[in-house]
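Below is one structure, written out as structure tokens; the observations come after it.
Order of writing sets the labels: A, B, C, D and E. Residues in every chain begin at 1.
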């Protein structure tokens, strides 16, 4: 694992204006994500975990430049991606790719596999058609599909095969970073393990970096090197996956892990009960956003003051008043 | 003249001012409640009709008003009267209406009418006097008048000589003046007393007339009802209590009404008349020819120097050989049999009629020789003229006016096209409504062959001027200097024999130059329910063909 | 885990469902036998298309009309044969004796009616009462599934509720008539882990209170391991292995079960390469001889391809059955 | 909700404005009213004064503004064909007849189409379904004037049950309403069927059955409530179709409603009435769509609370 | 977990496809519509335009007529069968061109409106409202009165009457599609708006458009017939079916065959087109619900 970041996210925020009320007169702001800071290094996998509505998806859409941020920057090779134009943008587009959750909806049913897989090449690079063919075959081969599959249409494949095809399209332009948005949660157990293995193999072979968005913690543990736990649009804990999973610092991470069911009947499980549900991002709680559900609530400080992300261990940071006075190691 | 109105004349005018408007919002609200209201509106109606009410279904007419002068003059209410009447048997003028007698000066410029002394208005509006005639005359030349033939009225003056005598002074001789009192666009006599008491609103609500029927009311767009007057001043009385006119535009619906016994009499296209007869109904024809039918070449095509429509010289029919070929190519007997069936008569020259001056026996007997079906002759003529190569505009547009609701016009055009096709004359159908056609004619850009009706049959002198010279209608003339010259002489000529000769000369000129495509003289016909109606004598002297309703003879 | 020892609440024997399509007919449920006791949770595990849901629907006799029908077998609830009941009688069973929780809380509530209306509808059908009582009982049911402020929620439309809340409402509908058996068809798939955990805990608590039997249909081994007492593993319309959770996780007898368990990522322990199962399940309408898993089985031999394996007692005590030639050999 | 309504009304008004431009321009594309309304032997003075009177000599945009200004006050001028009649008043006067016919047609459509569509969906693939489909297809493939004439012959002439044409009693409206409704029945039945099929596949229908709800209740309570949304969407189009249908059918049955006015006015080049009638049609359409929008809210709580 | 995805039709084998073909409507369409449209001049027994006044109003064979005029003759003695056969071409042309106008205009506007949203979307939807609010029949009347009835005016009216349906439907689909994962994926890949619209979204609405177009055949033919009824259809002597039915309507009670057989031709064609449309709809897009 190299320490050169390929993507640096600085203070990234995205807020949406929503009109509510009887006459839609009241304007409210949904803070989808606020003040995100993280890096992704070459060959590394960073996982974003959290419940639905925590801002994972918005983050990926920002990184993919499908949306523009309210504030903050995303630097790719030192340049803010939201300022990229022309050739530089094309370069970013072909170097950063994505794989989505639903293998049924992420492939255009009307397009042949060849055309689907080759699209990132066609729109970003000027290659001869034979070169494109070669690259498509190479990519299909890498994901375990046959070259003759390129002539077929998506409906001729099963879900697992479609996900392989989606991955082929993501790697065809030889990207450096792939954003994996719940890439296995729509797959059957036996297929899921194949795809997880495939991701690991591709990473090893091409030195890819991944940003993984997942709600399945076990999958995250298998794929990720580092993990960022998000709650209501903010990162509340970040660190190496084993550290975080073995010794979660934030009560939310703790509760999240305790809720996950292990596929081992012998393993003892102590579930930490969380009160209620995730609050609406329209009306986020004051102070620490997690305080109404927190089982380790300290008192008034949690209700009033929002904690900041601070170092907790080596490469491990957390945003919680519990650890306010702890010295940085 | 009247391209528009003649084409559109199959029915009767109507109008309603009854206070529907006031109730509209309330009714709107009520109907918005839809279903409930509708269901509450009434049980199943009784389809059978009361015996004492005669129902006549005809197609709707152009303008629709109780104020006759604001319409084009196609329908005179049976409650209203004019000065002069028509004899039901012959169609000739008689004194069955308000004038007991009339006379004219030698030069046909002064006409004096004596009213029936006992004539009275219905509904207690008093006797009919010359004051009523003057009053009505003034209404007829008013700003809102849209009557056909209005310009003739506007040029004359009227004087009430005494209570029962009126005199008209005309700027130019008019031997056919009676037509203005017993034909299209006649002077209809309204009650001055009613006007003085109620104003126009009185007319709009219930115009008092002097006819054998009294205005009862109307449903706009649907019907118009009159009741019979038991002791009419003229002594005529219908044998039924009421008469209702129903406006029904679909012929098949009218046929259905007749068959279902909902209507005593309906007007039908020719083919449906046949069907009605087959189904056991009776078809009654007018006693005299009610309508002349033709196809006219438009444009001032007979004058190569014409300034008005320079394009006319390039029309194929500017060549007399083409015109003759067109006429020769048509098998009139076959066409007329299809279009009009029985009772139809050959028409050598459109607007020429045995009832009126100018009729030429010579032309009539020579018609077959000159216009008889002879496709070989037609083709020779065309070859001689170098048709079609020698013509820039070889194709002849044939106008069809389905929109105006003249079913036989479409067929006429289709048949003519088929016959012309046989001899090699190119045609194209042009679906064009009469207003568009009229605009073209008025603008001297008319470039088509159009079907035309003359109904009721006008006096020849009037008709020939309207359709062939520039004097009565400056647009529809054929552009022939000779015809225009003859027409100019006719205007001032008062000697009957000379007039007759001038007219004969004009008809001969039209005939010899093949200036149009004459078709037929046709009686008006009406289908009656044979179980309800015994007979009905009417002369076919009005635009709609129907009149003399008091003569309907029920079973 | 409480496990009652009396006679089975629900006993299914040799159940077979046939589906007819234009391409041919096949058996998505093929010779199923299993039983559920009161207070017991049976997990039915399998991948997509293995026939799990079809099994669930056949238990309440709500198979798609025309296309599918039960051709043989027996379903006994408390000793009463369900397959011989009339449709009207069966309707009384549904909801009151056997309830169901469906997969997707987004779509399994009728958007046109409030939560309360949908709960009280079930109540009214099986134990009618005046409107006010029904409402009170609906609120009760919501309280039982731990919905906060049930007296407000009862008047909410599904669109006004969160996913977890909706699934609780579905749960409330299911338990409102105090059924003996609840069939839960992947009820937590679309829920967040935390919500899922709460929901499963709720189900366990309700089970302990009422002693109902639960049939839990899932593909998630985490749920099976934590919630179920017994498991039935399905592959291609057949039960390939059944037994207690402990035994199956400890010593899977069928290669398919073994591979499946190996393919699941774990939360603890070694993070090596996951096991995979290569290939695809067979096409249902195509003729097949031998073990349906044979083409994907690492241990298959000639006999596996040619002869359908019998169901054998893997541990010799009748508590662990598997359908595999290799088990027979051992 | 209120905002939603305001916006709907605003956009309808905009639509009406555009329609008014179209209507105005169309009238001025065609032959001059001079030729339609003045006698053929009218003098030039008459023609000139007519042109002045009707403002035909002014530039087009000025004519339009005058037209719009008057139209906003409900003044579309005086009818040319029905002398003395206020154009809009005349049209409004005919409106109840059309609404009555349209209302009955809608009622017939709904009363026949809904059960038919539901039956076809519930018994999909059965003879009932086939029958409903054939019935629906028949309706969609028969020109309505043809159907109208056939109805007249069968029910009025041969059977003698109902009057052939005209207005008066409720009986008069039955045949024309059926002739208009027939096409709608088929369209609505097909729509109901497909929407019902979709709803019947939904999970909540499954859940209702699992609850032990009887099939009748499942269909009429659970399914229909949701399936009704789609046919409701169609109501706007239904209104438009019924208006369009009434143009032809009113002619066949001599029903003096707006359709009849429209045809007579266009044939007679009665521009004020033509303009009034088209605007009136458009307003009815917009209003019916607004009503549909409101009905939505009643049927679908998602919108009420969304 | 989705056991089967709605987007995933089971790949049909050749035979299941072939046996599924709706042979009856296709056959009917061919016999009544397509073959006559292209080959009328060879298969029609008589000239459709030339009157034969000696053979007026002949009844059809089996109803007292002869095989010479199998479906009877009209008032001018023209062979009904030949007129129907020749009319097919015009009906085909009007419905196809009219629908093509509707498809091109409607699809383009719907596509751009749904994708671009914003003011353009608002404008297009208002235009749709306007188009639906103006009864096509009235517009046709006004148009015919204004510029005369012609083949062109009929096509314009048919196109005008239909485009809004396409625009509405296409827009609705595009709204869904533009948020789909595969569009997001193309955006990630860097595809331009034009490429996304035409390579990705357009192919996915073609099913809808095709199905809708098939179902609109009926509406187009009906409209043509109604226009002929009002006398503003394609001008004579062109024997469009609408004109034939319209011309024969007076004789339904007596010489019924004049309008019955053209009516039957319309009925069979529209019915077949609708059946084909239904089949396509079930085949191509089970979710689509359109009239």
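Simple rule for what comes next: a residue touches a chain if its C-beta (ideal position, glycine included) is under 8 Å from a C-beta of that chain, and two chains touch if they have at least 3 such contacts.
Everything quoted here is computed from the prediction, not taken from an experiment.
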item: Set of chains adjacent to subunit B and to subunit D; value: E
item: Furthest chain, CA centroid comparison against subunit A; value: B
item: Centroid distance [mean C-alpha coordinates] between subunit E and subunit A, Å; value: 49
item: Subunit A-subunit D separation of Cα centroids, rounded to whole Å; value: 53
item: Cα-centroid distance, subunit B relative to subunit E, in whole angstrom; value: 43
item: Where subunit A touches two or more other chains, by residue; value: 159, 188
item: Multi-partner residues of subunit B (each touching 2 or more other chains); value: 250, 252, 256, 259, 403-405, 433, 435-436
item: Where subunit D touches two or more other chains, by residue; value: 30-31, 149, 153, 157, 251, 267, 269
item: Contact footprint of subunit B on subunit D as seen in their complex; value: 30-32, 34-43, 81-86, 89-90, 92-96, 99-100, 103-104, 106-107, 149, 152-153, 156-157, 160-173, 251-254, 256, 260-261, 264, 267-269
item: Footprint of subunit A on subunit C - complex, ascending; value: 47-48, 148, 162-165, 192-198, 200-201, 219-226, 245-246, 249-250, 259-268, 271, 273-278, 280
item: Residues of subunit B defined as touching subunit D within the complex; value: 1-5, 15, 17, 20-21, 24, 27-28, 30-32, 34-35, 37-39, 41-45, 47, 60, 62-65, 67, 70-72, 144, 146-151, 185, 204, 219-223, 246-250, 252-253, 256-257, 259-260, 262, 403-405, 433, 435-436, 438-439, 442, 466, 472-473
item: Subunit E to subunit B touching residues, read off their complex; value: 49-51, 53, 56, 75-76, 144-145, 148-150, 230-232, 235-238, 247, 249-255
item: Contact footprint of subunit E on subunit D as seen in their complex; value: 11-12, 14-15, 18-19, 22-23, 26-27, 29-31, 133, 137-138, 140-146, 149-150, 153, 157, 183, 187, 190-191, 194-195, 198, 230, 234, 236-237, 240, 243-244, 247-248, 251, 262-263, 266-267, 269, 274, 277-278, 281-282, 285-286, 289
